[in-house]
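Multiple structures follow.
One chain, chain A, links the two complexes that follow: it is found with chain B in the first and with chain C in the second.
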Partner chain A sequence: MALPARRYANALVIGVTGRLDQDNCDAFRADLMAHVETAAHDGGAVILDLSALEYVSSAGLRCFMLASRQAKAQHGRIFVAALQAMVAEIFEISHFNLVFQVFPTVREALAAASNEAAAAFDKA
Partner chain B sequence: MPRERVADRVTVVAIDEKALARHGQWPWPRDRVADLVSRIASGRPAVIGLDVFFPEPDRYSPQAVASRLESRVPEIAARLRELPSNDALLGEALARAPAVLGVAGLEAKDARFAGPPRSPPVRYLEGAGEELRRYPGHLRNVPEIEKGAAGHGLISVDLEGGVVRRVPMAARFDEATVPALAVEMLRVALDAPLTIAPAAGGTIELRFGEYAVPAQPDGKAYVRYGHSAPGKFVSAADLLDGTQDPAGLEGQLVLVGFTGLGLVDVVTTPLGETVFGVENHAQALEAILEGRFLRRVALAPRIEAALLVAFGLALFVLVPRTNATRSAALLGAGVVLLVAGAAVAFRAFGLLFDPVAPALGAAAVFGVMQAGSLAEAQRQRQQLREQAARMAGELDAAKRIQMGLLPDPAEVLADERRVDVAALLEPARTVGGDFYDCFMLDDRRLFIVVADVSGKGLPASLFMASVKSIIKSAALTVEGSVGGVLARAQDEIHRENPESLFVTALAAVLDLESGGIEYANAGHEPAWSHQPRGQPERLDASGGPPLCVLDTYAYPTTARTLARGEWLLALSDGATEAMNARKEFFGAERLRTSLAWLGDEPAAQAIVERVRDDVRRFSGEAEPADDLTLLAIRWNGPQAAVSAR
Partner chain C sequence: MGMRIRFWGTRGSIPVALTSYDIRDRLARALVEASGRTFASYEEAHAFASTELDFSVTHTFGGHTPCVELDTGGEEYFVCDMGSGARPFGVHVLAKQARRPATVNVFMSHVHWDHIMGFPFFGPAYVPGTRIRIHSCHDVCEQAFRLQQAAPCFPVDFSQLAAAIEFVKLEPDRPQEVAGLTVTPHLQLHSGDSYGYRFEKDGKRVVYSTDSEHKLENRAEAENFAAFFRDADVVIFDAMYALADAISVKADWGHSSNIVGVELCQMANARHLVLFHHEPANDDATLEGLLKEARRFEELTRAGNPLKVSAAWDGLEIEP
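What follows is the complex of A and B.
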């Protein structure tokens, strides 16, 4: 459940790995909130790279929901990108694409965040 | 660890059994004692010390005999009176060699010896000797004998626990300071003045010539005893009858004393040996000659106390930080260290320390600590048990709330033949928030809902109870679509949701007469349908997010008409997301297969049981992570058709 963060211009890409459920969602949320706060301060966005996320339970979804609310309150933005099939299905069933903007790839999410971020990603 | 007796300058002339057998019972006439002293003196010893007392005049003196013969044979009495007294003879004999007589301390004054005993001049340095043992009275020899003595030495010992542990090296009688017989013998032999001076560690020292005798402030010294050595003894009988050449006594420190068993002068040394009193003085003499004394510095009790405190504190700090076995080892190591330290101090420096008190004290501290930590551990275990019981109690309460709210479809729909409904909810151990509901809105419309509250335990259960009643109330009051019911319910739930929990819900209204069904989905697992002679079909996932994820949302309503005998299965993600030990999910495809195996028009109860069994078989030993909720509904057709069958 580590949150390795990569910075592209004013966007933070955070990798979420493994499983997100009742057991680890509190720790995840605390970590994520720190990043969201940083990004909101820079006027940038947080992009959750879910390519390594295998499963998210309803408790995990609640975690995402709370993060989204907090980001909104701080005028920050959270995008999610690169969902695996299982997680994509969960997102689809629970209609969490109404909560987050979902992008097929990290590159597209960065482009939505800012041109600079996409350019930085292309250079890297 | 007894002292090796290496000094060979001490000889004891023993008035032993042999001497008593040959020369009669004690007290001997003093001319015989004088004879013995003369013979010793002829051997030119360095000094003679008498551990023998002559406090009253000799009754065998010619004068004493004369007074008894006075009336009967006056001329013999007169002749006898001209002879020197036996006491005077002994005094003269003593004067032939440097001789030291004994002085004994008494706890009461003896009228015969009113003045202080004769004593050598003693120089005190810096207040040393102030605390010397003081005797109010004393016992010494008759003046005629004393005339021949070169010195007087103390021959008293105080028994401590029946054992001579410490030998007084000097004691005070009013103004006079009398050194021990051993000290005085050596001092006389050296003809040196005596000085009592303070020494290291609050002790004192008796200095004379090249010797320094360490002693406690009260004048007592710890003599390091050696084993009794019979070779140092010479029988008085052998000296008197000339079988023993007195030349062997040249330069010796000669002690005269009793070893006859009929005479009681026996003491016990710390080595556990019973020795004759005279030997005690011999041991003291040897100890002085070899300079081997045991010292117990004045600081010793404080050092022992400090050791106790330090050891105790160490245990106090360390015991709670380690387990019982290790702290016992710690105690053992500490005790061994103390004893070894005391042994080293004794062997190498002749220093006396008592390792027993600190060791026992530390053991006591250890015991109390262990009892304390045992009590603490028990208290913690008790707390854990109580906590576990509370947790279990809470979970049980959560389950009871959850299960108690669920209706039994068979009861709700008793005598209803247009529809067959069965439901099942198996709560997971930790997560609980599923529920279902089914009730008639009026005489032809059946409302069903399956929902899953995010969260776990008692809060989730209470939230679920509130959500369930809110949905029911919305279903009963809202006119219009099922989507509208969910939207209304969401508004209501928002008002009482401090934990920001959310609920997925699938709600449907079935018209039992027409088979028309309307449903709306708030982020919930889609339902499945199966038409007679058809294949199981997953209904589309259209709908909206779970209730309370977004502030407002207009949930769409989907409508369709069931075929007669068609059945629907609503379920929670506890089914599709059930996991086996390899962390695989049961998934939609396994569910499809499971449903496909059900024959045409199965009973609703058969559907839920089939799925439940397949899911459980798939999970195997893995503990279910989430509630499993299943609700099956089969439409049998309108009233008239059912009746017609």
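What follows is the complex of A and C.
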């Protein structure tokens, strides 16, 4: 799974696409952890743009959880945004909506990260 | 007669009882539901309660810690674990036997306290002529049963029990015949190890898999359990937590979630998932919520045959 990242001020927006399950979660987790470390080092946040994520299994959700733990340990932040209806429902069913801050759009997640990140998004 | 599963104890860790507050709440809700109706007799009122009121008013998930009977219709009894549900199970055995001595085959997932605490209150253990065979894969099984009845913890020492009690060591992953039932134990991830059991008889397959954590990153482990659950008619599954809890604050506590239960049963093409070993801190409404969420997850992720999803409660009976 390719993990394209877009930078807006000190926030990294990472697009997650397709299906995230046991078949690809190891590679995804390695990529994601690297992004989380970079963002934390810069004192910024990671926004997971899930608009192109069609399905996430328990193994995929675990990757999000591990990334969240790493972000907290490194004083970073991680938000999720733009969930498709099915993924949003899986977040609720698994109670991940109680663990993560979920935003309807990437723009709103960036605004929660910092004014600079939202401004950079608006200019782009 | 085919196989029948009776749930005598379904709660994990420690028994849980309804409180007086809970009883009054249910009475008030039943009265509101019955508003405007009159009942000429207790029987009429009982029929109303049995057929028209919601599960949340008329039932509770309970209750006792794990004890699940497999009734094969034969003379001998089969039961998984001796949690506090073993006490009412023992009452059932004594009533059914009507003074005839019983033979009871017990299968122990492990010997943590919630799975053995009912044995000192298991009535047939005090009846001469009763035969009790306690099957386990643990070397410490007999030691644990004796220890919990040793002074100063309990007034009746294990050696004073009247029944003939035998401890039988089983070998993991090897199908073994026990009184006409084919039994296959399987190692599970839990503190001190636990074992699930796959029971087969007359084409029916029942899996009892409690106190078992599943590490989601390990595909081989998932396939291993899918093989153990393969084509089961019923899988009784440790669904103690919601997924987010199971893999965060309660990771490495040795338990699993409703969501992972659905995923493994779907992989295994099982027919009926029964959520089991309920978290003692969860009230009935929370447990109903977890059941609804598991059912919805099954709908969302269904690729093959539908998987029936239930939540076990003390008194539930299922025919596989």
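We adopt the following convention: the second predicted complex is superposed on the first by the 124 of 124 C-alpha atoms of A that agree within 3 Å, B and C clash if a C-alpha of one lies under 4 Å from a C-alpha of the other, contacts with A are read in each partner's own complex, and residues count from 1 in each chain.
The rule we apply is simple: a residue touches a chain if its C-beta (ideal position, glycine included) is under 8 Å from a C-beta of that chain, and two chains touch if they have at least 3 such contacts.
Please read these numbers as outputs of a predicted model, since none were measured by experiment.
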{"item": "Chain B versus chain C as contact partner of A:S94, first or second or both or neither", "value": "both"}
{"item": "First (chain B), second (chain C), both or neither touched by A:N10", "value": "neither"}
{"item": "Chain B versus chain C as contact partner of A:C25, first or second or both or neither", "value": "second"}
{"item": "Which superposed partner A:M86 touches (first chain B, second chain C, both, neither)", "value": "both"}
{"item": "Touched partner set for A:S58, first chain B, second chain C, both or neither", "value": "both"}
{"item": "Touching both chain B and chain C, residues of chain A", "value": "22, 55, 57-59, 61-62, 65, 69, 86, 92-96, 98-99"}
{"item": "Footprint of chain A on chain B - complex, ascending", "value": "430-431, 452, 454-456, 500-502, 504, 523-526, 541, 543-546, 549-550, 553, 573, 577, 585, 625-626"}
{"item": "Chain A to chain B touching residues, read off their complex", "value": "21-22, 55, 57-59, 61-62, 65-66, 69, 86, 92-96, 98-99"}
{"item": "Residues of chain A that touch chain C when the two form their complex", "value": "22-23, 25-26, 29, 55, 57-59, 61-62, 65, 69, 86, 89-90, 92-96, 98-99"}
{"item": "Chain C to chain A touching residues, read off their complex", "value": "216-217, 219, 222, 242-245, 247-248, 257, 259-260, 263, 293-294, 296-297, 300-301"}
